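Chains here go by letter, A, B, C and D, matching the order in which they are written, and residues are numbered from 1 within each.
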Amino acid sequence: MGILVDKNTKVIVQGITGNEGSFHTKLMLDYGTKVVAGVTPGKGGMKVHNVPVYDTVSEAVKEHPDANTSIIFVPAKFAADAVYESVDAGLKLVVVITEHIPVHDSLEFINYAKSKGVNVIGPNCPGAITPGESKVGIMPANVFMPGPVGIASRSGTLTYEVSYALTRAGIGQSTVVGIGGDPVIGLTFTEVMEYYEKDNQTKALIIVGEIGGDAEERAAKMVEEKGFTKPVIAFIAGRTAPEGKRMGHAGAIIMLGSGTYKDKVEKLESAGIKVAKTPFELPKLVSDALKGK
Amino acid sequence: MKLFEFEAKEIIKNYGFEIPQSILIKKGDDIEKKIRESKMEPPFAVKAQVLVAGRGKSGGIKIVKTVEDAVKTAQTLFETPIKGIKPSFILIEKAIPHDKELYVGIVIDRSLRKPVVLASKFGGVDIEEIARNNPESIIRYPIDTFIGLRNYEARIIGKSIGVTGKALGSFEKFLTTLYKAFIEYDAELAESNPLAYLQDKVIPLDLRITIDDNSLFRHEDYAKTEEERLGENTEYEIKAHELDLAFVELDGDIGVLGNGAGLTMTTMDLIYEYGGKPANFLDMGGGAEAEHVKTCVKFLLDYPKAKKIFINMFGGITRADEVAKGVVMALNESSNKKPIVIRLTGTNEEQGKEILKQAGIEAFNDPIEAVKVVVGK
Amino acid sequence: MGILVDKNTKVIVQGITGNEGSFHTKLMLDYGTKVVAGVTPGKGGMKVHNVPVYDTVSEAVKEHPDANTSIIFVPAKFAADAVYESVDAGLKLVVVITEHIPVHDSLEFINYAKSKGVNVIGPNCPGAITPGESKVGIMPANVFMPGPVGIASRSGTLTYEVSYALTRAGIGQSTVVGIGGDPVIGLTFTEVMEYYEKDNQTKALIIVGEIGGDAEERAAKMVEEKGFTKPVIAFIAGRTAPEGKRMGHAGAIIMLGSGTYKDKVEKLESAGIKVAKTPFELPKLVSDALKGK
Amino acid sequence: MKLFEFEAKEIIKNYGFEIPQSILIKKGDDIEKKIRESKMEPPFAVKAQVLVAGRGKSGGIKIVKTVEDAVKTAQTLFETPIKGIKPSFILIEKAIPHDKELYVGIVIDRSLRKPVVLASKFGGVDIEEIARNNPESIIRYPIDTFIGLRNYEARIIGKSIGVTGKALGSFEKFLTTLYKAFIEYDAELAESNPLAYLQDKVIPLDLRITIDDNSLFRHEDYAKTEEERLGENTEYEIKAHELDLAFVELDGDIGVLGNGAGLTMTTMDLIYEYGGKPANFLDMGGGAEAEHVKTCVKFLLDYPKAKKIFINMFGGITRADEVAKGVVMALNESSNKKPIVIRLTGTNEEQGKEILKQAGIEAFNDPIEAVKVVVGK
């Protein structure tokens, strides 16, 4: 089954006629993802990789009433509008790939989506994949395989690295969610974890965090206070990052003394969560955890 | 993008909030004439306009009692580097006698996904220091994204840090004005510290606004001046900025290039874990093509702190052959030679390795192995 | 019982230290209304007619947790803020007496209150009175007496006139609600009618409308479509008002050809609602209706 | 408060939406010189700047093909009253050849309590006329108060009235800009009719914005110019405005004064019902004091259309004795004499009647009786 995306996911691609949108539509289709429609204002009537294109999301939904998910590739300047359009058209999950969206825009559309009961993944994220079922994102398909381990990650490439390491070790993944590298994102660790907790396929969880913010600390707090029935293992990138500098991701910055590597590791460990020193220790740690060690 | 104090104050003033009378001095100005023309009377606060934190402690603010002292002090400040940077502007401001100093700031709370007002009755020192010494004094008041900060909320916040009577009305106006600036300027941070608390009003003695870089397309006037604000960055960070590279200078000697922010940070961490020290963070980004990889590698070849270079690349959307091509192009074009260790895996791995092999480079598959080689252990 | 205000109503007066606020606090207290607190920023600690004054509504609510209603006398410029303050402090009914509030302000605070499940009466209204129980408003108390007739009205003085005529004819009132003369108001006729429908004390209803808008037409439509179990009688002011001119009330204007006297009367009558030619016919018509004629 | 066409266009232009090139002519300007300086080429639309509706039908807009004609036409328009009003400004605008004219407006929907966009592909005539002839062509699109009009919604609206291709992007920009003006200027109405629909863009040929009078404290620049916009009111309405009276001129001969808008309207209606004709609407408001009542009565004594005066007063918060005092003061101070019928009841009724009695006026208790007397039947 996995979480958030599965074989029942029917995707609308917003910005399908752009370079990225078109390229990844092809890759998603190749993976077997059900891409039912695309949207680009002014380009209605076209086809991209045989997927019909509409001017508006509401038109797309009218023609494809089973659509339930949107993936957004439109430029940062127009991304917020694209989210509102999907939310108002009744889609239930919006995956925002776009990078460099103004944080005030993200604040607003995330709060708006929440008020309408819509999940947002991202912005500035690689999307989500449930191996063997559906890929709604830009991750390279070949590094994943179906299995028992959930992964939630603030980083893109690092997630592929971790997944690949697992796959090579013969450990598959239930669902891998790139939650995004921006300071303000839709689903955070704690929210994704609630989905993993309920998912039967997921037997263990890997959290790939990084410096900045307190998403990892909150995950630790949740595990400590509410409990989590599955083993959780974490890796945090940015141990050697200096304070006050953004490390690539808009969200990866230690500010006002908070969001340090040390803090995160302490909180996670005190919640009983093992923290790997390098991502390459993760397959062993997860394998042990799955065996109940 | 950080705004200068005088720019932030200008914004608040244009919104109708009274700020201390002041004049802005550029290098070469006839300072005395400008002061005389302004009809301001001493005492003055003479303030270096720099973007780095801790200006006060570093001697960037002087109180003077005469016009002559103001002139002298301004001239001295122009020549006094603050954390390495000499100011391009000096603000000479009417000094405001006051007893109490408050802290008021607005930031974004990541987990609430709301703007949050931070306020304390112990202003005049960093919020970090307040958090250490008087954590219970800090009020955190989250703001509804759609409704904004209401006047009554500003009054509640003011009252809770001890502002009363007529000054409460002034505080209300100040905070709602600051919030307006926070929203309209897409700020990550809007902060007054200290905010002077007088009998009947509050006056922002210092004021800081940081605009979210991602929103600069909505603030074109400031976007144009981006270059002149880079002063607080190092020489190579400025060069990287001009090339549009995601680069951060560090203290070690191993140049780092990765694809993706998380992987690049992890590469730094791995080097450290195995006893080395990274000289920088440099992320080529996702889906990089040869030309961009070349720019990155050439940059590290020119970057003197990097004695060796470690490239860690996991091919997903980024193709290993494109990266390999970029590396070879850089080596061919640059006259600088440095030891290079490359870990290359994923999409088009074989083609990439072949390209490197022909250039005499043996790429690694295993990052740990590669790291061990580059740190020389 | 009546509707909206009754003997369980505990009132906070916002703007209690102003001329109007103070004057009407006295009159409400004289009537027996439970005024538990007043609010004027900067005047906390005072007393007005022995009612304690606070700087903020949240302080007032903290000291008087049984407070459930606010009445607002603050100047138009600050009235919206006062409404937000009451709504956020958890009060359940907000009566806005203030006139001349910008319509965009009203739009926002009415939508906001609605989203929080709070009823707003007004702005630009005389308030509501349940004779013998509670008066939350500025109407002269002596013209009312308890009884079976509900009145909902867009006009102030005219309401007193109508109530007085009923009272003199020996017909009392359940609750009289002045819904306000602005184009955008909180509770409208249809919403107030839903309360009257459920109220056991109310046996008949008088609607006092005026030209402008379509509140009366909507009331007619509701009666026609959903039915209303009690007799309804209407009077509409402004039969001789010209088009395009505001007749005192901001809301009393015939615009773009809509909101005419003729339209309203036609719609009401076709819904089976009797329309009085003058307000002085109302006692007879109501009396007949109560007797089932 | 209605804005002039050129003011509304200025707002849209300042928000960055392109409008036709134009020059504004005041009386006494050297029109030819101004046109030459502007380097505009004919044809031009020469447009009287008046606030009344139906300007086009009344001959207030002329298309001319030469500069000479523009000058002549402008001079003529200055002297041509439109619905009784001669313009103070003429706008000479580059004429835009176009095939299609759209209607776009934003108003407030009272029952939804939301702004609502009205749009139709049949622009160029009044919305009332569109509603009569092509009701099904009118799109009504309500806007969420907190979220505002999103760009995608503007596109949906544009598409639904037949705008396509490149022009749809222009329409999107125009409508979101118009909505911004609607919000920031506290508008009751923001409307473009006609909105020219060209191959690749839309252009507002006419543009109207009406600011909510209650919000004028937020729009001080316009509040200052309130007087000069009163042109569309009658002489006595302007006088009443200066005295801050809620007065509307009507066609009958019985002057009406009531307390409260509903009661005053009802008083007019009663007069009509009993065979008379009201000469005006005048509401003394709630809680009126003697001084204000005096002003109202004196105004009606001076108002020539009112041959008799009927005062209908129901004392609630307003006290009957105050009203009586005011009436007597007015009668004593004014040299105009007119028959006055007064109905007085409610708070302090006895004292009020006594005051009137001493001035020789017998007040009525029953409004119907009083009305019958004043209409003379």
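Things to note:
Going forward, contacts are C-beta pairs under 8 Å (C-beta built on N, C-alpha and C of every residue); 3 or more make two chains touch, one makes a residue touch a chain.
No experiment lies behind these values; they were computed from the predicted model shown.
Among the remaining chains, those touching chain A as well as chain D are B.
Ranked by distance of CA centroids from chain A, the top chain is D. Taking each chain's centre as the mean of its C-alpha atoms, chain A lies 28 Å from chain B.
Centre-to-centre spacing of chain A and chain C amounts to 51 Å, using the average Cα coordinate of each chain.
Looking at chain C, one finds that residues 112 touch two or more other chains. Contact of a single residue of chain D with at least two other chains is seen at positions 146-147. Contacts between chains form some other arrangement here, matching none of path, ring, star or all-to-all. Residue ranges of chain B in contact with chain C, taken from their complex: 147, 150-152, 155-156, 159, 165-166, 168-169, 172.
In the complex of the two chains, the chain B residues touching chain D come out as 146-147. The touching residues of chain C, counted against chain D in their complex, run 76-77, 100-108, 110-112, 138-140, 142-143, 153-161, 164, 181, 183-184, 188, 208, 210-211, 213-215, 218, 237-242, 245-252, 256-257, 277-280.
Interface of chain D with chain C (complex): residues 108, 110-111, 113-115, 127-128, 131, 145-146, 183, 186, 188, 212-215, 217-218, 246, 248, 250, 258-266, 268-273, 278, 281, 283, 286, 314-318, 345-347, 367-368.
Within the complex, the chain C residues that touch chain B are 41-42, 55-58, 78, 81-82, 84-85, 88, 112.
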